[in-house]
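Lettered A, B, C and D in written order, each chain numbered from 1.
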Amino acid sequence: MVGGGRDAFIGAVHRMAMRLDGKIDLVAGAFSSSPEKSKLSGEDLLLDPSRVYPDYNTMIERERALPVAERIDFVSIVTPNRTHVPVAKAFLEAGFNVVCDKPLAFDLDEALELERTVQKTGKVFALTHNYTGYPMVKEARELVRRGELGDLLKVVVEYPQGWMIDLLEEKGNKGAAWRTDPQQGGASSCVGDIGTHAENLTRYITGLKIDQLCAEFTTFVKGRRLEDDANFLVRFKGGPKGVLYASQISVGEENNINIRVYGTKASLEWHQEEPNDLIVKYPDAPRRTYRRGNSYISEAAKRFTRIPFGHPEAFIEAFANIYLEAARAIDAEVNGQPVPADCDFPTVADGVEGMLFIATAVRSAKAGGVWTSMASEKK
Amino acid sequence: MVGGGRDAFIGAVHRMAMRLDGKIDLVAGAFSSSPEKSKLSGEDLLLDPSRVYPDYNTMIERERALPVAERIDFVSIVTPNRTHVPVAKAFLEAGFNVVCDKPLAFDLDEALELERTVQKTGKVFALTHNYTGYPMVKEARELVRRGELGDLLKVVVEYPQGWMIDLLEEKGNKGAAWRTDPQQGGASSCVGDIGTHAENLTRYITGLKIDQLCAEFTTFVKGRRLEDDANFLVRFKGGPKGVLYASQISVGEENNINIRVYGTKASLEWHQEEPNDLIVKYPDAPRRTYRRGNSYISEAAKRFTRIPFGHPEAFIEAFANIYLEAARAIDAEVNGQPVPADCDFPTVADGVEGMLFIATAVRSAKAGGVWTSMASEKK
Amino acid sequence: MVGGGRDAFIGAVHRMAMRLDGKIDLVAGAFSSSPEKSKLSGEDLLLDPSRVYPDYNTMIERERALPVAERIDFVSIVTPNRTHVPVAKAFLEAGFNVVCDKPLAFDLDEALELERTVQKTGKVFALTHNYTGYPMVKEARELVRRGELGDLLKVVVEYPQGWMIDLLEEKGNKGAAWRTDPQQGGASSCVGDIGTHAENLTRYITGLKIDQLCAEFTTFVKGRRLEDDANFLVRFKGGPKGVLYASQISVGEENNINIRVYGTKASLEWHQEEPNDLIVKYPDAPRRTYRRGNSYISEAAKRFTRIPFGHPEAFIEAFANIYLEAARAIDAEVNGQPVPADCDFPTVADGVEGMLFIATAVRSAKAGGVWTSMASEKK
Amino acid sequence: MVGGGRDAFIGAVHRMAMRLDGKIDLVAGAFSSSPEKSKLSGEDLLLDPSRVYPDYNTMIERERALPVAERIDFVSIVTPNRTHVPVAKAFLEAGFNVVCDKPLAFDLDEALELERTVQKTGKVFALTHNYTGYPMVKEARELVRRGELGDLLKVVVEYPQGWMIDLLEEKGNKGAAWRTDPQQGGASSCVGDIGTHAENLTRYITGLKIDQLCAEFTTFVKGRRLEDDANFLVRFKGGPKGVLYASQISVGEENNINIRVYGTKASLEWHQEEPNDLIVKYPDAPRRTYRRGNSYISEAAKRFTRIPFGHPEAFIEAFANIYLEAARAIDAEVNGQPVPADCDFPTVADGVEGMLFIATAVRSAKAGGVWTSMASEKK
């Protein structure tokens, strides 16, 4: 692991997700830009001190020096956005597989460069757009794929949070600080942090790609340097329309990402805060609630379930599903096998699409909310 | 009553709303543009045949000929949009008070003309934006007014329906036919029919007025002449932002108007399909669910409740609340008293604001989704 | 109407229920045991003073003296339990049809006597077990009848309220006072007032009759003279089992009557506080939510709906459905026609069954919670 | 680990719960009564083959032979009920700490014997009544403890499942087979398996102990040897009353354990299938929903949370909380420290109480549903 030292929320989540299924062992890491903090974090994690490194370059060098059977099979990158690409490139080029937190990169150029590196090295690269790890999100995708909804017409996807209603970046909150710092988080804060999850979730479930968007960014909290709220109108390729928003000043909301997809025959609805249910509505039949773990759930979703119906699974388990699938691919790669075709995890291409979304959003918003084409951004 | 003959949905609702509290008697009407149908509708309603008229002009003439104590105190207009203003003007100018279904008029010019007529005649004019009749909507307004939410930042208001996913206007559905006919419904179908409720509900609860909007209209059903889906980004006067949409092709949705209002201190949420609850969310305290009929409800909401908590009230009762308040005003007017200051019903000014919203939306949408100022429309 | 004077909750509900559909006019009444209060109540209701009577005997005498076409078609009895039977008998024997509030009688003997009177006079007698007026309760019955649930195994029916957590009967609350006074309310308070609704709702939906019950009565509030909480185990005829409880000291509960019915093939669930939904659960298929007003709803339920889906209906409308059906029967009786076979309202037989339930419950509870047979009570 | 071989549901859950927090390593086991199956299970788990044992006696012997620093710190027992006590006693007497699945024992005598062994050996013994591991269950206990509900009056606790509606024990389902076999599961099936969770959850949250109970057992599925449904009326010590039921034939229910606790000042409600919420209802204030992870949550609950609000935690995390606390105690014991006083996990005393509940229930049910005292059972 690179990053994820003491007090880092997302690093701890990655570690629980890795551990859950007993297939991944954390054996080495460079947990902080401070060598001292990295060392202490390694101690917290009961790691062999010889494999707790002061920085990621040292980690690459020393791990490569180990016999193949002993070195790490992949690295998990959980640093701030700014360093995702340099770290990932270095590991890929040194022959390691990579799991990386989202968003993929600092900007679109970097993302495209990383995509080329992945292609060139042939290594496995997984991006932890964790919400697509939920079984009922996978079920939603299956319902769309098998035509249960008919032709898609409209998507409404929301991601309201409220935790940034205060100027936390000036009150010692590190996560808030780097997210709202254009030098570290990138050109967007709210969209880069959570809007990109909304875009990814939509694309995962529906297969729809954004053609054009109209973005309205607002910075509601005085003194903040980037937007903390963003509303979008969206035109998808092929005709469907969308409403998408992300907000970090929606007081009282916790982590309420949710999606509704409307087709000609039915619609579906999923809420991350009650993730075991998937609601499907029909024009002329009772509403149906699909529930995780039941016999009627598709194989594509069922295999991401660990325990029986009524015993709820939640965020960590969904996150672990990303790792499970990445691990399947990595296991194949390490053993010189082809990556199984049905591996279901977000790739570098998803990350590039996300960065394109962010770049397009920033451009539209800066122009005052002008309809802007996604394609025009990609080089 | 004018309009509301056999099979007309909204006319029947108006009649139930009138009857509920035993303060209004339906005694006369011109129920259809067909004199024969008007007569039969009058029979259905057990009315005195001498007061069932072939058309509204005859109704005005004959009612005026009755002694003051016997003639109607007000007329309820439940015709298609096209005729709201001519009928309302005729009654107002003949000295009758008016309750009128929404939207106010066929277009903005007409609306402004009617506003002048109301001002000139000094009669009571009530517009049945019925969703503001719900007690918990009134409670929401009280919470905003007394600062429970702090300064307002954002509003999300949705009005999805699904009933027009088929081309009903060509299958004998009269309601669908006139709504989608530009000659009868006006320049907008979905926004005129339900989007205007969303705008009105937002303004009622928050007091916010739209400054600029960006509208995306879509006609999803082939052969339809007006939009059946409309998404908006909104900038309110003073800085708050909004997302608003109305849809009649959101399959599986019934009549799901709902609103979320976010402030600096708290947010609130109300769903028309579960109208007895109002949810308030805080950044640092448990969520609260305010429930109709309880001791802690404000007087402003409590007086619109008929039965104790846990005995749910719903759509008809909310509609009746509009009539109750209009009746209070009319009672005063008929008795030569000033209309009580606390009468709480939508007025002609609300209707003008709604028509301005529709006109601005149409202009923005026709321009391809360009931010358009509300003020620029009003003459 | 007899009873229902100023400040009486249930009388006002009856009147709204009568008025809603425009088929019943309140024209006469003896609204209070105080002639003066009866007179004032009549004024409130804008009635012809000549038909506002000081007591029910006078009412009977004078109404009978009117020409047939002018006299009342039926009487609505909304007095405390103590007087239901004497008043009802007097009206029935004088040739009037009767609608009566529940519970039917002061005790079982009285109930049986009234049943004989109804049979002897051949008049219509309707009991306002209003919860069976909800469309989705009727839908539940249809689902059971058509075998959707398979053979029934178990019923859980709950009726918690919390309003009597204080000793209201000594604080001027009249409703609490007569309910808890054995001389006025009968041998049971909580069971007589609301437990009987739970029994009736169960029997209506399932058709099951109680064979034996085990009752635990508790008086939690010091100074109260009758039970304010009652829990039951139930054995139904034919083998199904049940859990039933009623409580008026369940703080924070409003009027939360709800029922779950389990069969071999599926189960259903209905909650009065969200009455437009009916949930059906299957062992191997997604849960279904049936919603009032949709095309897929059975005719038996659909005809009790006034407005489209998504426009919620609630308590008053359900209550009005009892009146609508009673009125259909009364209309037939008054016109010398046979009562239509499909009239769907609670009858005197339902009331007798309810009184038998109360009597059996009291006997079981007094014996310390001994299993007691229903049959043994009926003479 | 003893038990939990291939295909055993609960063994896999225990392993995920152990792993989640990175503080417990599974290093040895006797996973099946079949040595061959034990060996294969050990391979699945990537264990050192030398520590995969053919039976638990061998395991004890060989682990004791290892140097103290290398041997296991505790054993996790996940076998059928029949063998809990013999296995636990053997490990305790050999000096090992024990975590054991519920119910504690085959019968009450055994349970009392085990209690004596635990006392005698001074080892840590934890029982995985996992539902008490949920943070919001702990919050519920805190609310009761600090008097938020006032004096407790009534508890309603339900545990419906539907999975045993078929005669699974004759269709190759091992879990169903041993549960319904009096020789393996004990004198009760449904109550032993899940009723005991309901009793434990009630006691954990409220601190109430059952004084007397009246039990109605039913075997609905033909051919089954023990009850599959059990309804109870309960009298708690000190006056509160209760309704409790457990069912495994409630078709369509999944794992719907839920509890409502009513006091003089407020009531609370928690549902395991939506475990992140805790609802508190007041007579004269809005309902409150307490949500996991928020600042206002008590320390007692907060320390059992891993990730922020809105990122739901669920069954596995709750289960892991039992292990976390047991591990804290075991860590102290192993290091010769006193067990921290605030360790929060179910003990052998809870298990004895549970066995007493089962024994009393069986006695009451066999007598035909007679009120039976808990105390009279304990020797």
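Going forward, contacts are C-beta pairs under 8 Å (C-beta built on N, C-alpha and C of every residue); 3 or more make two chains touch, one makes a residue touch a chain.
Remember, predicted model here, so these are calculated numbers, not experimental data.
When chain centres are set by their Cα atoms, the one at the greatest distance from chain A is C. Judged by contacting C-beta pairs, the busier of the interfaces B-D and B-C is B-C. One finds 43 Å separating the Cα centroids of chain A and chain B.
Centroids of chain B and chain D (each the mean of its C-alpha atoms) stand 56 Å apart. With centres set at the average Cα position, the gap from chain B to chain C is 36 Å.
Touching of two or more other chains is recorded for residues 163, 253, 280, 287, 291 of chain B.
Residues of chain C touching chain D in their complex: 153-154, 156, 158, 160, 162-163, 165, 214, 216, 218, 220, 229, 231-233, 235, 241-243, 245, 247, 249-253, 260, 262-267, 280-283, 287, 368-369, 371. Across the complex, chain C meets chain A through its residues 280, 284-291, 294-296. Across the interface of their complex, chain B is touched by residues 9, 12-13, 15-16, 19-22, 26, 45-46, 161, 163, 253-256, 272-276, 291, 293, 306-317 of chain C.
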